[in-house]
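The structures come next, written out as structure tokens.
You will see chain A twice below: alongside chain B first, and alongside chain C after that.
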Partner chain A sequence: MSAIRDRYDLAVIGAGPAGLAAATTAAGLGLDTALFDEQPAPGGQIYRAITETPLGERSVLGEDYWHGTTLVEPFRQSGAQYVPGATVWSVTREGEIGVSVAGAARLLRARHVILATGALERPFPIPGWTLPGVMTCGAAQILLKSSGLVAKGKVVLAGSGPLLWLIAAQYLRAGAEIAALLDTTPAANWTAALPHLPCFLASSYLAKGLTLIREVRRRIPVIGRVMSLAAIGRERVEGVAYRAFGDSERRIPADTLLLHQGVVPNINLSSAIGCAHRWDAAQLCFRPEVDDWGMSSLDGIAIAGDGAGISGALAAEQRGHLAGLDAARRLDKLDEEARDRAAAPHAAALARAERGRRFLDLLYRPAEGFRLPAPETLACRCEEVTARQVLDAIALGVQGPNQLKSFLRCGMGPCQGRLCGLTITELIAKARGLSPDVVGYYRLRPPVKPITLAELAALPHGEAAEKAVVRG
Partner chain B sequence: MPFPPRFAAERVICGSAPPLMPSPDVIVIGGGLHGCSAALHLARRGVAVRVLEKDYSGRHASGVNAGGVRRLGRHYAEIPLSVASMELWHRIRDLVDDDCGFESHGQVKVAENETELELLARRVAEVRALGFTHEELIDRQALREVLPAVAEHCTGAIYCRADGAANPYRTTLAFRRAAGRAGADIVEGVRVTAVRREGAGWRVETANGTAHRAAVIVNCAGAWADRVAAGLGESAPIIPSAFMLMISNRLEPFIKPVVGAAGRPLSFKQFANGTVLIGGGYKGTLDRDANWTELDFRGLAESARTVWDLFPAMRGSQIVRAWAGIEARMPDDIPVIGPSATQDGAFHAFGFSGHGFQLGPISGAIIAELVTTGRTNLPIEPFRISRFAAAG
Partner chain C sequence: MFRRASEAGARVSLSVDGTPIAASAGDSVAAALLAAGITVCRTTPVSGAPRAPYCMMGICFECLVTIDGVGSRQACLTRVRDGMRVETQQGKREAGR
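Coming up: the complex of A and B.
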């Protein structure tokens, strides 16, 4: 890896499909580009470890995964500088980027920044969700892709959404012992989703989805219309209690419970910079406001891929190309007409990739009962704050997530709200009878990822480090 | 350049004043700790009071400061107020029916060499000469008993045993709620745009078009108070400041008092949950109109180096969060408290940056005395707004 420099035309943050495509396109047009990524190898979460996975058998992860290789080679040829193992902990409106690589922090500048920080799994705050042995499907998939590992013993999968079925299939192919899949998709979602069925039928999702679901159903029990869930156990998870519609509570033994109810944009960085965000009522999450090129409300900050709203890996790739083209236009490497000409095939591919998305959003919209935790369930894991404490604080006059943060410390732990932000917003919205848009989200601050005191202390001295009065 | 707010909620927090409210006697502009404290003390004296807050109570300096409850190191002019306020802190539950997270484990200001220790000794002698005994000088050995975790090279300290710390947002909310219970009317999400004379009283106009009338106004608008003062024809050369704070991961408990340093800016405190709060007088940048602060990691790096030197136990820690609130600093580092110099029926309490949290309980009491009786027994002459008139 060549040395990190103090200045770049373009900094891209995240090496998933959007980031790889953005950096490839921009560097190809002559922008001095650096791509910073937290992982040791490119691919993001969806194509994680694409260049180095120990899983030689292609069929385990499936052909959609291996599509990732088509992004890596052009990126390597593009001339963009690749900085793996790089944690970006701060980006300012002036394009100053704080990044740590191999235990050393530094500050550098870019004239334009493309955030391609992707998605996070939506919190799934059921009773017992913090027990050892309970993890997210995404976490399980990371272990599988990077290390070829599957959880030992009896595995139960629970939740809703395409990734749930995908990990079930991948797990079965890799030899895991899955006791059951508990599907929490509310039956009523079909009514809302049906009008969007024609578009979905015309998309590539359908055939792939049906094949996956059939593959899973053939091999393991699938229990539908699950209305409640709890992880049971003392030191660690020992079983799962659930209740399906029209049935009484049942229990199944489990050594591992994998939870998943969809993904939401990872807005920690875009929010900490100060980009405008709004509530997406269909996807039940906040997303940054961006134009067709991914430009945020702030000059010099664009957002590409799922970080700007969930639409999947293929769409993210095209959104990356579009953001890369627009960056080149803004930094005078090509004019508007040339940008638009180059963008046309990507815009068309994007439209194809997004077809059918609306159906999936509505079908897999998670039920309120799985988004709003029961009173005794932890809402904030880091600071161990229960839903009841949150409701009590609201009753005392706490009105929004930021006051709650100051009052109960929820969202102030190392996860910076990644695991509780949406839960807290929705709890407050429900209790106060307001829309989540009005309630808002945590004001997030850099460092968006922890930085060691040693790294911080080793940063260069400020030009105007002003000494001031002792603080109260 | 005005920046758009990040979330819609920052545009409108909780609507507007209900229509047809009867006019109060007093309007307090600003719902931070000082505004809520003034409202509480006024309401307890039977005054009809309304607070107009542009965001929400505790949104800025009041809710996000370091939480130090400190007499240690006060400007000499502030000592009588600080001492009086401390008495209120030690029975804060009686005042607001909430403990405010107040804990009294003392505050310590350490010297790192003999020269600094001499300066501290001189300071303690001067404070004693003024008749106050809360600051005591401790030597190297006594310091190690109070702060076993402090670096070996430290030579001694000033120790204020009965000082402490509290949760700033919880405190502000407690004052707001207590004021509400006492009958004060607290309206959040309403920004005052103008104050005008109307007869013998005031007409206070707001951004949402409502106008409020009262005989008396109190300016507790913090970093925005210069704008209110300007409406009264008074100069208040506020320096809006965004002092930065940061917090560590959880560490084994190793320190109880709040610690500052004689030779460099520092505010250092470990919470009950093990996390450590580090502040230290370094500023980020801010935009008052957008409620926005931007951190400067070069400044935070200076604080990190101070902590590295003074607390070896911190060297393996992580910084998980940093922030800055918007505060009003005055050029002479003491606040403005007292009547307007140009207008009858107008009072000020602002400009507390860095030293206002501990003074919150008493500043409201002073304002309530001034409004209702026209006088106070505490020496507030040094805080008169007219000291800036020449600058204006």
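Coming up: the complex of A and C.
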């Protein structure tokens, strides 16, 4: 790896489909580009370990996964500098980037920044969700892709959404023993989703989705319309209690419980920079406001891929290309006409990739009962704050998530609100009868990832900074 | 508990709380712990409850461990290295660590 320099035309953050495509396109047009990624190898989460997975048998992960290889080679040829194992902990409006690589922090500047920080799994606060043995479906997939690891013993999958069925199929192909799939998709979602069925029928998702669901249903019990869930166990998960519509509570033994109810944009960095965000009522999450090229509300900061709103890996790739083209236009490597000409095929591919998305969003919209936890359930895992404590604080007059911090510390633990932010906003919105947009989100500040004081102290500092702290 | 569906790269040896475990060269520390049957990597500073890797992608911070003497490292974002010393983090935060 060549040394990190002090200045670049373009910094791309995140090496998933959006980041790889953005960096490839921009570098190909002559921008001096660096791509920073937290992982040791390119691919993001969707194509995690695509260049080095120990799973030789292609059919386990499926062909959609292997599409990732088509992104890596062009990126490597593009001339963009690749910086793996790099944690970006700060980006300012002026394009100053704070990054740590192998325990050493440094600051650099870029004239333009494309955030491609992707998605994270929506919080799934059920009783017992902090027990060892309970993980997200995404976590199981990452272990499978990057280390070839499969959960031993009885596995229960619970939740809703395409990824739930995908990991079920991948796990079955890898020889896992799945005791049951508990589907929490509310039956009423069909009513909302049906008007969007024609678009979905014309999309590529339909055939793939049906094949996947058939493959899973043939081999394991699928329990639909699950209304409540709890992980049972003392020191680790031992079973799952659930209740399906019209049925009494049942329990099944489990060594591993995998949870999933969709993904939401990872907004910690875009929010800390100060980009404008708004509540997306269909996807039930906050997303940054961006134009068709991914430009945020701030000059010099663009956002590409799922980090700007969920639309999946194929769309993210095209959104990356579009953001890369626009970066080249803004930094005078292309005029507007040339940008638009080059963008046309990507815009068309994006429209194809987004077709049917609305149907999926509405069908797999998670039930309120799984977004707003029961009173004794932990809403904030880090500081161990229950929903009841949150509701009690609201009853005392707490107005929003930031004031709540001084009462309960929720959102102030190491995850910086990533696993409780949406839950807290929705709990307050519901209790106060307001829209989540009005309630707002945690005020996020850099560093968005922890760095050691030693790293901060070792950063170069100017005369003014020294005068501010040195006496005499 | 996890098992390997395919035998991966070179073997790497590290220690966890002083006990040697074997891992595969491409593993993250969190993956290596799970593969070795170590399911609890820390207890919480608030109630002392056991926690284990939850997201495996650097966002949940449940997999914090001490690596080669540096506390609260994200095990899922750190690759194993031969001779690495990993310690699980037990109980409340201690000053000076």
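In the analysis below, the second predicted complex is superposed on the first by the 463 of 472 C-alpha atoms of A that agree within 3 Å, B and C clash if a C-alpha of one lies under 4 Å from a C-alpha of the other, contacts with A are read in each partner's own complex, and residues count from 1 in each chain.
Rule of thumb we're sticking to: contacts are C-beta pairs under 8 Å (C-beta built on N, C-alpha and C of every residue); 3 or more make two chains touch, one makes a residue touch a chain.
Quick caveat, the model's predicted, so the values are computed rather than measured.
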item	value
Contacts of A:452 with chain B and chain C, given as first, second, both or neither	both
Which superposed partner A:175 touches (first chain B, second chain C, both, neither)	second
Contacts of A:130 with chain B and chain C, given as first, second, both or neither	second
Which of chain B and chain C A:397 touches, first, second, both or neither	first
Which of chain B and chain C A:413 touches, first, second, both or neither	both
First, second, both or neither for A:460, with chain B first and chain C second	first
Which of chain B and chain C A:277 touches, first, second, both or neither	first
Partner chain in contact with A:49 - chain B first, chain C second, else both or neither	second
Common interface positions of chain A, toward chain B and toward chain C	383, 413-414, 450, 452
Chain A-facing residues of chain C, complex	1-9, 24, 26-28, 31, 34-35, 39-40, 44, 46-47, 49-62, 64, 70, 72, 76-77, 79
List of chain B residues in touch with chain A within their complex	3-10, 12-14, 56, 58-59, 63-66, 68-70, 73, 109, 167-170, 173, 176-177, 188, 241, 243, 247-249, 260, 264-267, 273, 279-283, 292, 294-302, 304-305, 307-308, 314-323, 329, 333, 353-358
Contact set on chain A toward chain B in their complex	90, 92-93, 98, 107, 271, 274-279, 286, 297-298, 383, 396-400, 402-403, 406-407, 409, 412-414, 416, 437-441, 443, 445-447, 450-454, 456-463, 465-472
Touching residues (chain side chain A, partner chain C) in the complex	38-40, 45, 49, 52, 54-57, 60, 87, 103, 120-121, 130-136, 138-139, 142-144, 146-153, 174-175, 235-236, 255-256, 266, 381-384, 413-415, 418-419, 449-450, 452
